[in-house]
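What follows is a group of structures, each given as structure tokens.
Heads up, the next two complexes both have chain A, just with different partners, chain B and then chain C.
For the complex of A and B:
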């Protein structure tokens, strides 16, 4: 993900949503997070720190 | 007959198992979903043997799990009509004997045990031949031929395999041995006459 083009706002929403769902289903966070923060907050933090273990697969037209 | 076949499928890895080694989790999940199932072509699935290829995971809408395309080899057992099988008698009833042939059981009906008239001895749990004095008990090793097959059910409990032992070279191993010795003797006496 590091050398990727910037995500569009739609991609951001999709990626954060998917990651937050994974976290809520028991995936381990890739960042240090306080116990009080919820899944979406952790997902956003992961995106900010570039630690999201997800890739965006852009289908070319 | 046992078959080793290559199967392609998609496996769903739930998020709480992301940390574990992918291949191990995949084998476990595949075993959970395949073992014990009956397929028309492959018969009863015994185990997943080896993972050949795992594709990259895909996240789909509405589910946080990763979906991997996998290619793997699996071992299955498929009884075939007219196949010769060897097994152990695991139960005797008044209507016949159940033979364990690998992961499934087959039934030899009393009428198919020998050419002789058969009596059922409930006390001993044995089948007795009236004239030949042949006996069949639990634990005996036998050779039989598959003559009827029904793999309709979804589990191994619902399948029915009909066996026969009324053919030369079939039956309890001791009977086959006897039959061989008899033939050998006949041959030698005939040759002696010449």
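For the complex of A and C:
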């Protein structure tokens, strides 16, 4: 992980959820994933490898 | 080796290690580590390891942003609350002082009652005075309520001559460390028709109508007996107790402002359980501490332990506006900014009607409002927004 501050568990869940939805609707995975993994697994993998094209915005009101 | 208070404790050494480990600890924690290191004679390596472990534990104990701390606090205080004895009137220690404890006391605290059922004070003295029993007894008699009948040797009502004759007991006055002239002065001030012949006093009632004469005389008799000749306002019985090497006074009733002004009273340790009085005399921060302390000691006394942070949150909510507010209709819940939040608590119709008359606007920033309109709530996962990263993926490595 880069200089980014560690995500809270809420941020992790939110960002993985959003990415998994994109993937399930046909977005291209940014990581190599095995055929058996589903959208959420891919999203988790992407987050782990810091390849998520999404960011969290903490000051949502 | 035991570390005595006042012993040298190498705080700096710990501070250095903490800095090296890139941890940020509160001052008190650092001091405690330093103390433990001293006590256990830790080597540098051991201290390193200790700080590392504490850092881990400290991080784990922190709450994350978006955590529902309020709900957790409510549950954590509420659950042990169910195990509290419903009604206990406990006599604190050997002294026969009656103090409300248990659930009724806890309710009293969160309701921020103006008049609590058993106000009580614990008065301590500064170092030079605390061990001096004679001094403490003198002060105790000045604080505690003493009425005239406490120092009388003889009391008689004469219906023939329509007068009351009392005799003051010098020994009792001496025993209570009072001043004879002062008492006489107080009596003269309170009663107009009084004849004083050294220790024998005779009172005469002012009779307006002759047929009420007997009653007037009896009323006067009560008044004479109950004349307060010493004591601080609002304080009743006092109990003197030896705590360790020093003497302390416990009272029934409370008047922090007056007691703190007395000579020799330790202004740091002397306390009252009346939160409103603490607020009035010492300010809102002291009131906050008082709420925390009272709530926690009430729970602890019943053998229940609740993490202080839950109670601190409650205390913070109650005091954050600069005045002590209760939890409930008249305090926090009744003063919420959002109409829907207020309406969902109590008196729904009243709030909605008022809001519609005034044309109030609800910005839907709270939890309840968003539940009512069926939106995700701004808490936990819902408090996080998601945005696309600009172009280059992982570019900010």
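By definition in this document, the second predicted complex is superposed on the first by the 57 of 61 C-alpha atoms of A that agree within 3 Å, B and C clash if a C-alpha of one lies under 4 Å from a C-alpha of the other, contacts with A are read in each partner's own complex, and residues count from 1 in each chain.
The definition used in the following text is that a residue touches a chain if its C-beta (ideal position, glycine included) is under 8 Å from a C-beta of that chain, and two chains touch if they have at least 3 such contacts.
Just so you know, these numbers come straight off a predicted model, no measurement behind them.
In the superposed arrangement, which partner chain does A:54 touch: chain B (first), chain C (second), both, or neither?
After superposition on chain A, A:54 lies in contact with both partners, chain B and chain C.
With the two complexes superposed on chain A, say which partner A:28 touches: chain B (first), chain C (second), both, or neither.
The answer is first: A:28 touches chain B but not chain C.
Which partner does A:18 contact after superposing on A: first (chain B), second (chain C), both, neither?
In the superposition, A:18 touches chain B and chain C alike.
State whether A:9 touches chain B only (first), chain C only (second), both chains, or neither.
Once the two structures are laid over each other on A, A:9 reaches chain C alone.
Return the chain, chain B or chain C, that is in touch with more residues of chain A.
After superposing on chain A, more of chain A is contacted by C.
Quick check on the output: what are the common chain A residues between the chain B footprint and the chain C footprint?
Common interface on chain A, chain B vs chain C: 18, 53-54, 57.
With touch defined as at the start, can you tell me which chain C residues reach chain A in the complex?
64-67, 365, 378, 380-381, 383-389, 393-394, 396-397
Once bound in the complex, which stretches of chain A touch chain B?
Touching chain B from chain A are residues 18-19, 21-28, 53-54, 57.
In their shared complex, at which residues does chain B touch chain A?
14-16, 18-19, 58-59, 63-65
Which bits of chain A are touching chain C when the two form their complex?
Against chain C, the touching part of chain A is residues 2-4, 8-11, 13-15, 17-18, 30, 49-61.
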